[in-house]
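The letters A, B and C name the chains in turn, as written, and every chain counts its residues from 1.
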Amino acid sequence: MTKILIVAEIKNGEIKKNTLELFSFAKSQGLESEAVLLGSDVSGQADVLAGQGASTVYIGDDASLEIYNTEQYTSLVIDALQQSQATQVWLTSSEMGRDLTPRVAARQGVGALSDVTQLEINVDEITAFRPCMATKAVQKCEFSKDGLRVISIRSGIFSAEETAPAPANTVTLSIPEGHSQLKVREVQVEESDEVELNEASIIVSAGRGVGGVEGCEFVRPLANELGAAFGASRAVCDAGWLPHKHQVGQTGTMVNPDFYFALGISGAIQHLAGMSGSKVIVAVNKDPDAPIFKVADYGIVGDLFKAVPVLREEVGKLKG
Amino acid sequence: MMNTRMWKNHDLNKNYDVVIIGGGAHGLATAYYLSKLGITNVAVLEQKFIGYGGSGRNTAILRSNYRTEEGIKFYDQSLKLYENLAGELNFNLMFSQQGHFTLGHSTAALSGLTTRAENNKALGINSYILDPKEIKKMLPEIDISDHPRFPVMGALYHPPGGIIRHDAVVWAYARGADQAGVQIHQLTKVEDILIDKGKVTGVVTNRGTVNCKQLISVVAGWSSDVCHKAGVKLPFVTHPLQALVTLSYKPWLHHVVVSGTLHIYLSQTDRGELVCGNGIDTYPHYGMRSTLGFLESYAAHVLELFPILHNVAVQRQWAGLCDMTPDYSPIISSIDEIEGFYVNGGWGTYGFKASPASGYNTAQMVANGKTPEMINPFRYNRFMENRLVGEKAAASVSS
Amino acid sequence: MPDVALNIKVKDGAIVEEGLSYVISSWDETALEAALQITEDVGGEVTLLTIGPDKAAESLRKGLAMGAHKAIHVKYDEAKESDSFAFAKILQKALEGRNYDLILTGKQAQDTDAGLTAPMLAEFISLPQVTNIIRFSDVSEESITLYRKGDHGTEVIDMNLPGIVTVNDSLNEPRLASMRGIMMAKKKPLEEIELDSLDIPAEMRGKQGSMTNVLQFEKPETRKEGQTFEGDEADTVKQAMDLLVSESKFLA
């Protein structure tokens, strides 16, 4: 019988929206789901997962799991999998998911499908669609052999349903040793109270056109006022105007928000590949021939330094 | 300024007096010079965008020191038209007459160059022989020692030769023609040529059928293909020609350098990039694919001449198409079997420098219904009558 | 693999071959640049390894022209039939009996965009992996410090060698080949290995050795044409915002 083991992701002690999306999708398909919940001081979140429909929550809660590391996380997912007898493992295609998906699959001796954006499930027969070639084509894929299905799914594809927490049926996993050859020293977190790119329903992004650090700070209040994540193009991050975690695009974070504001972004191919799945795109750029206007629903040809104050004013009115 | 267009877009009319197939430098120059003769109901049909073909893929070297009388006179006219073109079209073409070296690496090559120098002198072209020491004075970085496999033994030096900004030439002719009323139609591919009772009546395009009385094929690498549509068989063979450009460096090379023996040529642009090319690929092909083989052979040969270039980085390479003829000379000709059909092609590797004279004389021919003396040697029937032009020695690695 | 900066056309469930230009995957170029920097810094040599048809040799020679010391070409005409799992298995075979301190590759291939092969290989040969690095430092014979772009910031990881690293293109700007490099590349060793000599049975190859299968390629959904506003920003932004609210239910 089909059973899905979903690898939950945590940020600031809470379950991330992209994880909730996977549970909501499983539920909508009438599939039984279980969860594996890993981190430091995370056990309290098991009830949230139970509320989302996880019939069992496998918990690995230990200080050593504070920062993601491939080896311990792989072992724990495999341990949960063996206890659960799940037929499928679902992850999100976050940086953690991208690292973990192939390793879990390989340890089980099976293949994987990564960064899936559409999923058709008939028991354990799966048809998955995934963008490739910088989103210029889409692969329609299947698993060609029997066995465990390991899939990573892009965030923002399914909608997350808000549910009340419920008492969880939990299983505590024993904490394995990490890889003797690897030592995770620290995670350099910048401004962690910000909305994360792959969590946001609105993203405001700055491009080379902002001209520098001051330009980024000129744009940032618009993101804050909208409750939006603050994104950037590769040029901005490579120049050091903003940390890399803000980078939207194939090299940074692939995003599919409801609204995407591209300010001073010309639209290099890897940026477009990373954000053209957004539902509505608003672009401001001086150059009327900028590629970003090819994907924009509302393209404003003009100076972002003049446009941003008007945008803020309009947003202020809308927010009342 | 944002919305001023250098040329306008138009709907395709039903009727034109003249249709020109090919929106390169030659086609646009032809349109421009036709308009100067008062013929403006003209459409230029370009399958991609203007300058997509050879005009955008050449190394933009201009010179007139050819070998034969026919060639010398023709290219001299072209160079003179180029000299006045920026003023005439009110467009900065960045023409730099910096001087042009053709290096000789053997006594045989030097004797060929000497013949050219004498022929040039007789026809008033500034072109003369330099010995290795004189070359070294003007090109201090060149290796004139006897270490290389092909040591430098002398050169034909041509002071008025130089380089130009190739896109600017295309754009300037396009704007000039557009301002005179010529219609430029991009993304308009000719699919068939309509002929009725031995007369051209029009063309079928991807945007509809167009009637015309006179039709000129000016499509260089695609000449065989277009001629085939008219049922005309001419001795064109299309070969790819590759080129490369390096990163920008401090200006150090102040002249165009060509070596026929090493099959290479190079010049430095105002931006500091070295623009480099060699001979055509040996195989006939319509593909415009760059190859590693070209890069390898170019690198090996250029380092023999200029060892200081060893750390120079290659930024980009590309290829274009060349329609070669058996005598390395063009065909500019009315076609006797089809009234109103003209062919301008066979430009091989030496077409860009010919653009003004090619357009000028083609326009005269079409407007007056008579072949100008200047291009009479380039009529197509020379291949049936066995009187070839014989430019191979001066044009094989030309540019 | 195909240059994805160019137009990619999909027809009848397949990628149209005509007009494709083949290049080294851009992330792999970044990996090569990193490897060259490491050997320039601490010594050692860079070996390129690829599995693919004859034409893949050209990419190896370009890599040699950039500065790699030698190359291994595992010749495999039907490489396109294999999935990441099968590739990782063949790589495992190709690496048997060879010595290396560090395996570097792109975070994903620019044609599949899958990012599966390197971690699968790491698992098969029991090496530690660090994916998606944007910086490295403190390279020694025993270890390297890697800065990984993680979900919540930059993860700083010390990895003992040997290990496998995949790179993000923010890591560096790959160098261009020089004239001398291009010439020298012809003389550098390029080892050609037939798949058969690697003891890879039929059931490990192509679709048989693969766990997943691409049924067909499709065109991505195209966005409907948007509206453009030109003029004074005070007006154009208001117009766009009005439509954003009325048509697209912004902040509704």
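Just so we're on the same page, a contact is a pair of C-beta atoms (placed from the backbone, for glycine too) under 8 Å apart; a residue touches a chain by one contact, two chains touch by 3 or more.
None of the values given here were measured: they were computed from a predicted structure.
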Check: In graph terms, nodes being chains and edges touches, is this line, ring, star, complete or other?
Finding: line
Check: What chain sits nearest the middle when you go by CA atom centres?
Finding: C
Check: So, what's the distance in Å between the C-alpha centres of chain C and chain A?
Finding: 21
Next item on the list: Round to the nearest whole Å and give the separation of the Cα centres of chain B and chain C.
Entry: 40
Notebook entry, point to check: In whole angstrom, how far does the Cα centroid of chain A sit from the Cα centroid of chain B?
Noted result: 54
Check: Residue numbers in chain A touching 2 or more other chains?
Finding: 288
Check: Can you name the residues of chain C that touch chain A in the complex?
Finding: 2, 4-5, 7-8, 10, 15, 83-85, 88, 107, 110-120, 122-124, 127-132, 134, 145, 148-160, 163, 168-170, 207, 210-220, 223-224, 226-234, 236-238, 240-241, 243-245, 248, 250-251
Checklist line | chain B residues touching chain C - in the complex, by the definition given at the top | finding: 247, 289, 292, 295-296, 299-300, 302-303, 309-315
Checklist line | Residues on chain A engaged by chain C in the complex (per definition of touch) | finding: 9, 11, 67-71, 94-96, 98-99, 101-103, 105-107, 110-115, 127, 129-145, 147, 179-190, 192, 196, 198, 226, 234, 237-238, 243-245, 247, 250-252, 259, 269-270, 276, 279-282, 284, 288, 293, 295-303, 306-307, 310-311, 314-315, 318-319
Next item on the list: Would you tell me which residues of chain C are touching chain B in their complex?
Entry: 21, 58, 61-62, 65, 175-180, 182-183, 185-186
